[in-house]
Structures are given as structure tokens and as C-alpha cells.
Amino acid sequence: MIIAEKKPIEEIIDEVKDFNRILILGCNECVTVCEAGGKKEVEVLSSALRMYFITKGDEKVIDEKTLERQCDHEYLEELRGNIDDYDAIVSLACGVGVQFAAEKYLTTPLFPGVNTVCLGANEDRGLWTERCQACGSCILARTGGICPVSRCAKRVMNGPCGGSTNGKCEISKDVDCAWQLIVDRLNALNKMGDYEKVAPIKDWSTDRAGGPRTVTREDVKI
Amino acid sequence: MSNLNTQSNLEKVLKAGHIGVTSECGPPRGSDPEEVRKKGLLIKDHVDAVNVTDNQTAMTRMSSLAACIHLKLIGIEPVLQMVTRDRNRVALQSDILGAASFDIPNMLCLSGDHQSFGDCAQGQNVHDLDSMQLVQTVRYMRDEGKFLGGDDIKRPPKIFVGAAANPFADPFEIRVPRLAKKIACGAEFIQTQCIYNLDKFKEWIKRANERGLTDKTFIMAGMTPMKSVGMAKYMKNRVPGMDVPDEIISRLAGVPKEKQAQEGIDICVEHIQELKEIKGVSGFHIMAIEWEEKVPEIVERAGLYPRPAI
Amino acid sequence: MKIPANFRIVRVPCTGKVDIIHVLRAFEKGADGVYVVGCMEGDCHYNEGNFRARKRIEQAAMILDKVGVGGERVKMFNLSSGEGPLFAQYSIEMNNKIIELGPSPIRVAKQNKKNAA
């Protein structure tokens, strides 16, 4: 899922301080699972902001709403009825939701309340780690299910590089060397013979480099 | 293995069966070419070619290509080191042609240290190709005379291409398969990371010999003299992929501070003399960083002077 | 020892049920201080409830600091269920601390607003 983390409250205060009627808008999907922008986080942020502005003698109207998702038209449409009640919205959705909402409500200032960090998994309680970089041409079949694009700091296709030490990446002892993981997995699968196959030069045109990406399904369109 | 593909002196020396010697020169953190020439002149008669590093440890320096040109213009043969960290395939091919336009005849292909080690930790990294794919690219441009995109190159580059190998990085079990891969990609010479653990290196080279890899490429053993016990400890503990046995540390520590540098050079010379006899070792790559003036002594005492003139 | 009269006690089955929002809302509605009393660490009937509470109270304190209310106004105490006198003692300790800190800035601000109107 998409992993995000809360922006510091000082940053959000700075964005909304000149507005009077603010909506804090959460999302019930990814940001709820990574505890950054779901209903609970909306409640806490709203309460905190209310208290801040009250103590400054600048009490504001701060409302709370959490949509099922902010990346689908039908849920964002739920705001249509009372969008004009607000001079600003702080969306705690990931970057996708913030943008999609902004495109819908062109005349209402919209601010992001979280930093969208990566596509990842919930590795442990309170720990979310990156797994995918959305390169658009998945090579996991060749690397034992471990991605060198997202998990190798140098995204080498024929790794490891010379800096791999004790199974860790040269950039930090806390980062696993993706290629050590790949080698371990190939061993476990009895496929070490594959290790010597030279991976061809990657086509990055399906990655960010090729420009904003689109997926179209003609068979699904009406 | 005996036909020459380039004008490279290094290629000639190695293919004639001599022990090859290269050393290294780091470009300055500024634009004064005199610093490059000075270093080059210190070592030029004691080596077959001089490696010029490419923004090593991700610290921004004068470009390797420019420094190589300065050396070539004063008659010193360079080895252009090129990392994949900073350039995409357009720029890589372009710089290869730039080098070829000055008849720079050697290249070493590397990934490059991560930029977080250097002075631009907030920068992007590229890694459009990895080091093995870069070796393939150079060979393709030279042997097929084509760009990666498929078009013909006018006056294709004639470059003797090598790759780096680190017998001491983890995991050890794949270090020889990795060497095999680099050779399969077309690496004509290999320069290793600096060696202190002779036993581990001998084990690595033995396995390489067993697979016939040393018949397909020239392996040049990396050597870096220790300046002090402090340097030895630093390299042991802080440099990734480095294996410094405790005996080296004790030997340096057992000597008074003023004598440690000489002890470090003695160790280096002894190691070269020992490894010279090992099957599969085709040469030495002496990296005396900011200590280039000691290279002549090391080369002479190791019995590798004068360099063959072919 | 008696518990001070200005305390409003809210009973929960485990302090693990207390969430950050409960603390913040209490202050929003005019509380001058909040204290959370849970079992001794390691003795939680539900294993980790009081550990979760501790982390949440720490978070709440941080937020209260950032918004100008003051993180010292919220605190967690641990004791075992039979320790009535200790409970009273902690209550008095907390009460004294809050008296020292004065009324919550939220109450002060709301009062000022009322006076100005």
C-alpha cells in the first residue's frame, strides 16, 4: 500500500493560519493502515489545531470528515454539497488523493497533511518499509521475488556492488543489501545457476523517466 | 588473447605476458590542471597506465575525462574510470566517444560509491546502467561499432575495457561467479580492491583459476600501502568491503609512529613479491592515494622496474 | 487521605482503551489536567494495554506542548489495583502540580473571549 507519514503540526498550522473555516479530510484506506491520515488521525489533528488557535485567541471552525478513498470520483463527490462551507481543506490522503481532490474543487485551497513516502508493506507494528518503485516492468520473476529497483540503493541489475557488508547496504547498517537477499533466496530455491545470467539493460521508459504513466483498459470502458 | 584491439600500452604489456603495473591519480577539487600533471609525472615511468578516478567517494572533483585528457596531452597513458552513479546511457556513451576522440585507450567501469558518502548527499543518483552493463556497452560500441540505440558510430572507440572486483565483499560465495559475469560481459582486465588478507585473496584467485577465468582476463591485484596504524584501523572498521587482518594492525602498531609509514610500504612490497608468484595474477594496481611519490619506491623494490617498452 | 474533589474519574477496563483523542478532547472541553492510572508494567491483565497507554500519553504530551497547552498537564501513573492510598497520593500530587501550572490556556482563552464579548 501507499505509506505516508504525518507532516509536523507546525507546518500545517503555518498553511492554515490565515483561513477561518477549515476541513480536515481523512482517507479510510492506505493512510489509515499506516496510521497517518485516517479517522483517528483526523480527530487528533483537528483537536490539536482547535486548541492551538484558541490559545492564540484566533478560534477557527475546524470540521472533520473521512472519506472511503480520495482517489475515486464518487467519494470525493460527497463533498460537493458543502464544499463552500470551507475556505481551506487539509487532506490527509496520500499525494494522489490530495491532487484528485484539488482537481475537483478548483477554487478551494487544498493542503497536504501527510508526506507520501513510498509503496510498502507493514513489516512490523509501527514499521512500514518500501518494497516497490512502480517501475512499470516487473522483474521479480528473475530475482527470487526481491526487487533490486526498490531495495538496492543503486538499483544495480547485476549485483551486489562492492560495498555489500555482512548482508547490509553500504549506506547504512539498517538497510539490507537487496542482492544478499536475492542470493539467499536463489539458494533457497536451488536456482543459484540463475545468478550468472547477465540481466539486460533495463527499459526505464515505463518508469518515472518516461513521463507520467497511464493505464487504460479499453475492455472495461463503456 | 594475443591480438591487440586498441592502441593501449597496458593491453600490449599484459598481452605480451609481462606483469602489468597501474597506479591511480585522483583529480583535484578544483580546476587547476597542474595538480593532475604533477601527480602523473611522479609515477609516469613506473607504470604502464594511470587510472584517473571518477568523483571518488562521491566527492565532487574535476571530471575524470578532463583529467585523463590532461595526462594524455603530456604523454601519460590514462585509464578512464567511469561510474554509473552520475550519468545516464546518453552521457555515458557520449563521454566514451569524448575519450576516444582524444585516443584515451583504457576504461574501468564501476558503479560508484553512493552519493550519501560525498558532498552532495541530497542529490539524485542515476544508475541507468550498472557497471556490468557499462562494460557490455563499451565492447558493443567498439566491436560492433554501434550505439546502444543501434545506429552506426563514426570512428568507433578503441578502448581496452576493465571492471573492478572485490574479493572481500560479501557474500564471499558469489565473488567468483561475479567475476565470471564481468568477464562474460566483456571485461578484458580486472583491478581488485586493495588486498591485505592474502589468504582470502589466494582462495579467490584459486577458484578463478579453476574455472579458467584467469585465461580470459588479466587480473591486477590492488595494493595500497598503509601510512599509519590509524589508517589501518580506519580501513578495517569504517570502509565497506575492506578486509584488514589483525596481523597487519599489530605489525604497524609494533613500530614507533615515525616508522609506521615505512613499515606500511615494506608490507606492500612484500605482498607484491608474494603475489607476483601466484598463478592468475597478471599485474598490480597500486593505489597510493595522496601518496603518489611512494609509488616509484614500491615498484622498484618489488622488482617491477623498469617497465617494458613495447 | 482523600481524593481531591475537583477530580472527575472515568473508569476504563484497561488503560489500553485510552486513546490520544480522549486526552485531547478532555483539554478541549476545559480540563486543566489529565492523568491516566494503569497497572504496574508487566502486570497488565491484557498484557500490553498499559504499554500502549504510556506511548499514547507521551504522544499526547508532545502534541499539547506544540499547541501551547503544556505537556506537563498529562501524566501516567502505574500502580496495582489494591493500592488505594497510593492512588490518593498520586491524585494529590497531580492536583498540586496542576494548581501550580494554573488553569489551562484553553480555559483562559475561552474566558477572555467571553469577557471581551
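Which chain is which? They are A, B and C, in the order written, and residues in each are numbered from 1.
The rule is simple: a contact is a pair of C-beta atoms (placed from the backbone, for glycine too) under 8 Å apart; a residue touches a chain by one contact, two chains touch by 3 or more.
This one's a predicted model, so the numbers in the text were calculated from it and none came from an experiment.
S.K.: So which has more C-beta pairs touching, A-B or A-C?
M.R.: Most contacts of the two pairs: A-B.
S.K.: If you average the C-alpha positions per chain, which one ends up nearest the average over all of them?
M.R.: The chain sitting closest to the overall C-alpha centre is A.
S.K.: Once you find the CA centre of chain B and the CA centre of chain C, what distance in Å lies between them?
M.R.: 65
S.K.: Using the average of all C-alpha atoms in each chain as its centre, how far is it in Å between chain A and chain C?
M.R.: Spacing between the chain centres: roughly 34 Å.
S.K.: Using mean C-alpha positions as chain centres, tell me how far chain A is from chain B in Å, no decimals.
M.R.: Here the centre of chain B sits 41 Å away from the centre of chain A.
S.K.: Hey, which residues of chain B end up touching chain A in the complex?
M.R.: Residues of chain B touching chain A: 84-85, 89, 111-114, 116-117, 125, 127-133, 136-137, 148, 164-166, 169-171, 173-174, 177, 180-181, 184-185, 193, 240-241.
S.K.: Across the complex, what residues on chain C touch chain A?
M.R.: 19-21, 24-25, 27-28, 63-64, 66-69, 105-106, 109-110, 112-113
S.K.: Touching residues of chain A toward chain C in the complex: what are they?
M.R.: 9-10, 40, 43-44, 47-52, 54-57, 59
S.K.: What residues on chain A touch chain B, complex-wise?
M.R.: So the residues of chain A touching chain B come out as 153-167, 170-171, 177, 180, 183, 192, 195-196, 198-202, 204.
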